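Shared chain: chain A. Partners: chain B in the first complex, chain C in the second.
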Partner chain A sequence: MNPVSIRELAKWYGEIAGLNKVNIELQTGITGLVGPNGAGKSTLMKILTGQLRPSYGEVLILGEDVWKTPSARRRLGYAPEGDSFYEDMSVLSFVRAMGRLCGLGGSADAFAHEALRQTGALEFAGKRLKACSKGMRQRAKLAQALVHKPDILVLDEPLNGIDAGGRREMLRLFEELAASGATIIVSSHILEEIEAVTDQILFLAQGNVIASGPLAEVRGLLKDHPLKLLVTASDPRRLGARLIESGLVTGIVFQRRRGLEEEDLVLSVPQVESFYRAFPGLARELGVVVERLVPLDASAEAVFGYLVGEEMGGGA
Partner chain B sequence: MNSWLYLVYFSLRRQLRPQRLIVALILFLVLAVLVGTRGLMDPWKIKSFGRWIIGLSFCRFFLPIITLTLGTAVLGDDREDKTLVYLSIRPISRWSLYLAKLLGALPLALGISLGAAFGLCAVASVCGGLPLPLSEVAWMFLPTVALGTIAYLAFFGWLGAVFRNATLIGVAHVFLVELFMGQVPGVLKRISISFYIRCMLYDAGSGHGLKPRNTAIFQPVEGDEAAASLLVVAAVFLALGMYCFSRREYRDLT
Partner chain C sequence: MAEEPLEINEVDLFPKAMGATVVDRWTLSSAPDESRAPALAWWPVARIGLGLVVKRRIFKVFMGLGLINFLFFSAMIYFLAGLAAQLKGQRFGQGPLEFARNFIFTGTGESYRDFISGQNIVVMLLLAISGAVLVGNDFRFRSLTFYFSKPLERWQYFLGKLVATSLLVSMLTLLPCLALFVEYGLFGDTFDYFIESWRIFFGIVAYGLLVSVGMSTLLLGVAALLQRTISIVMVWGLIFIFLPIVTEVIHEAARGSHYWKLLDFWSLLQWCSNAFFGIESSLFSAEPWYPIAALAAWLGAALWAFWSKTRAVEVVS
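Let's turn to the complex of A and B:
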């Protein structure tokens, strides 16, 4: 059984579709949720955490319907995007209270300390939330999501307001939690952050999952948007001619390196996997030494730009 | 159960906001000064004290205002502060979440209303020379105040669960239904909670001449019937509140 099963999920706000027949099976590990504003990320997260009821379809958390079965939420931790808190409480008392609301009882204090330690919030545990900085509040929010050691974590923009060092710590924490068997769903508008911790990415736009899976696979699906590869080789002209002849590339641009006579090749590759399979043999056959092979636009941001462009009927 | 009981306690603590208590204290002091001053000039009788202070000023003004403040805050505070999300993601069913929140507000509402009513009786006894011992006067009025508090709290709690601007609607209800409609001849006044409260008061103070000015127009019901009605009102609005909260989606949680 998959930790999270989303089947035929649709959510309508009047005549506006927040989500449109979404089908997702999530495994343990980290899944990134990417999409522009209004794509349906928050709606999906709210349905996943039992705050909104699906208009159609179902969401199963470890086999249980999260809207109909409140006890399913015991295995779920959620850090909302909003910066709202019980301002008069201290960080520790807030996290402890949330733990007690999850049924931790007398052990809530120990669990709260552990969650605060994990998120690096222990040093300001006694501070009132209204006196905390944005970064501290983000850590407190994460700690309340972790306090009862849930199997599934839903984190909406969890790294907002956290400094670069803190972000690295948090990403490391997510990786540790995922390695220990947790299922983590993270949304972020900073795609590099998501790419850094997972290659399982769900791309949402206008309430639809427009692509999902490892970034490279998704990228490979984009025939109309060939991957740009930068190649530094000992004989770029010969290599370029052979590549065009083989049909592995649909376009080549020769790019002179700054202040030098040498040229690099910028290849347009429609079928990434076929290219990677054939390219080494082809270079060997020509006796060309390849010094560098770098994808120029395989970042999630570029992929998302292409996908959304395609989905909307245009090109990126 | 453990987490539900904690939620009751958590909700009670959240209700203990100084601003709210100060409003109650100011209103009480105004009434207490009025009772004391009037009592020093012209000693109170059970009939006049019951009619003007407990029946009119307290039960039709102080009590609705205090329970309106507390009842609409049952969910209103969390919606306003956008903290309802922290409760709605816990493994607690939504109807029981509402019940816990309302039960959390009940001790404070009863504490304020019974404490204030007892305080007014005490002021009237000390400054106004009520002809009965304080304990007897209190026993005469406090059960009515307690039932009225429960009924009003359940009603305003339901308003808070259904309407975003529950406080405004509640204020309109207090003035239009509880105050104005409560004076209208005929049976229309029976839709107001204050009607049953007054019926209970008249029944409790009947031995001391406390009765409607015009029974034919007021058409009171028996005290037991009024008490039962208040309990039914409380139970119905509590059930409605639980139902509405369990069905309703709050998109503005965060």
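Let's turn to the complex of A and C:
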């Protein structure tokens, strides 16, 4: 059984579709949720956490319908994007109170301390929320999501407002939690950071899942957008001519390195797998030394740009 | 995991936790068992609400005001009982003592009713100020998301808030009134007062609960609808100050027709209190269902307002 099963999920706000027949099966580990504003990320997260009633379909958390069975939410931890809570509360009181709402009784205090320590918030546990910086509040929010040790974590923009060092810590924490068996769904507009911890990405646009799965596979499926590869080689002109001749690339741009005579090649590769298979033999055959081979647009950001472009009917 | 799970005691969590090198929810300590029955999920909501109000200075001010009234009544009971013991068997002073008893605190239903009604003014002020903290801010700042993403149903959230508000009101009405009842009974020559005054006891509990739950429900509706303190205070003033004046004026103009009093929440509470304590009243004597229906309409409207705002959060989201 998958930790999270989303089946035929649709949410309508009057005549506007927030989500349109979404089907997703999420495994243990980290899944990144990516999409522009209005893509349906927040709607999906709210339905996932039982705050919104689906118009159609169902969300099963470890086999239980999250809307119909509120107790299923005990297995969930949610850190919303907004962080407004009772400002006069201390961070510790806030996390403890959230633990109690999850069913913790006398042990709420100990678990709150533990969650605060995990998120690096213990040092300001006694501070009032209104006196906390954005980064501190993010940590407190994350601690309240972790306090009851959920199996599934849903985190909406958890890295907003946290400094670079803090982000690395948080990402490491996500990785550790995922390694110990948690399912983490994290949305972030900083795609590089999501990419750093997972290659399982769910792309949403206009209420639809436009792509999902490992980033490299999704990138490979974008036939209309040949992968751009930067190649630094000892004889770029001869290598370029041979590549065109072989049909492995559909376009080549010679790019002069700043202040130097040498040129790099920027290749447009339609069939990535065939290219990677054939390229080493071809370079060897020509006696060309390849110093560098770097994909230029395989990042989540670039893939997302292409996907959204296609969804809108344009294409990049 | 190859490592043995660390056993962490709640008391000595820190020293051991500091030694742990890997942040791991499964090895540091096991996932907690559900230690509270799901049916009691409303209690943490009530606890949070109570904690928020009790810590405020304004709460202490209003509690102090309520306490002054209570202490006055309590001291009078004590003073009259002491005086009665001093004058026992003496002919001198019995007349003034009876006069003082009847004037200050008679131990009848009327005196307890009047005590609670007097406290209601403090309650009204306290609730007007606390409404935003208790309920309004949850809607205004979208804190509801923290509640509804937990294993909590909407009715449990409502019940938690209702219990928190009712407990605050009870601290000013029901509980001190019961204390006065016990004090009055204890200062009598026998304990017969407790047996003979069952109707008064019932009246205190019923009226106290009605005031607590009724005013709390009304507050939840108004606070969910208006959210800001200033708006809540204005509407609260409209209901409890302006409306009674208007209905009284119309009542006079309509040559004593009681029907206009159905709009006045205070009059409805007063009618109920008379009914609970068994006190004769000319108000709505012919049609007892009218005030019951009017009260139900007030509370129904408040419930509807609360419920619709809770659902509106879903739509806006």
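The rule is short, and it goes like this: the second predicted complex is superposed on the first by the 316 of 316 C-alpha atoms of A that agree within 3 Å, B and C clash if a C-alpha of one lies under 4 Å from a C-alpha of the other, contacts with A are read in each partner's own complex, and residues count from 1 in each chain.
Definition applied: contacts are C-beta pairs under 8 Å (C-beta built on N, C-alpha and C of every residue); 3 or more make two chains touch, one makes a residue touch a chain.
Because the structure is predicted, anything quoted here is derived from the model rather than measured.
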> Would chain B and chain C fit next to each other on chain A once aligned, or clash?
Replying inline: clash
>> Is A:82 touching anything from chain B or chain C once the two structures are fitted on A? First, second, both or neither.
In response: both
> Between chain B (first) and chain C (second), which, if any, makes contact with A:118: first, second, both or neither?
Replying inline: second
> Who touches more of chain A, chain B or chain C?
Replying inline: C
>> By the touch definition at the top of the document, which applies to A:49: first (chain B), second (chain C), both, or neither?
In response: both
> After lining up the shared chain so the two structures overlap, which partner does A:71 touch, if you call chain B first and chain C second: first, second, both or neither?
Replying inline: both
>> Just to be sure I read the superposition right, which of the two partners does A:100 touch: chain B = first, chain C = second, or both, or neither?
In response: both
> Touching A:177, do we find chain B (first), chain C (second), both, or neither?
Replying inline: second
>> Quick check for you: in the superposed arrangement, does A:263 touch first (chain B), second (chain C), both or neither?
In response: neither
>> Applying the stated clash rule to the superposed structures, which of 9-17, 45-53, 81-89 or 189-197 from chain C runs into chain B?
In response: 45-53
> Common interface residues of chain A with chain B and chain C?
Replying inline: 13, 46, 49-53, 70-74, 76, 78, 80, 82, 84-86, 97-98, 100-103, 105, 144
>> With touch defined as at the start, can you tell me which chain A residues reach chain B in the complex?
In response: 13, 46, 49-53, 70-74, 76, 78, 80-82, 84-87, 97-98, 100-103, 105, 144
>> Taking the touch rule as given, give the residues of chain C at its contact with chain A in the complex, in rising order.
In response: 1, 8, 10, 13-14, 17, 22-32, 34-36, 38, 41, 44-45, 47-48, 51-52, 55, 137, 141-143, 145-153, 314-315, 317
> What does chain B use to touch chain A in their complex?
Replying inline: 2-3, 6-7, 10, 14, 81-83, 85-94, 249-251, 253-254
>> Give the list of chain A residues in touch with chain C in this complex.
In response: 13, 42-43, 46, 49-53, 70-74, 76, 78, 80, 82, 84-86, 88-89, 93, 97-98, 100-107, 109-111, 113-114, 117-118, 144, 146, 148-149, 173, 176-177, 180-182
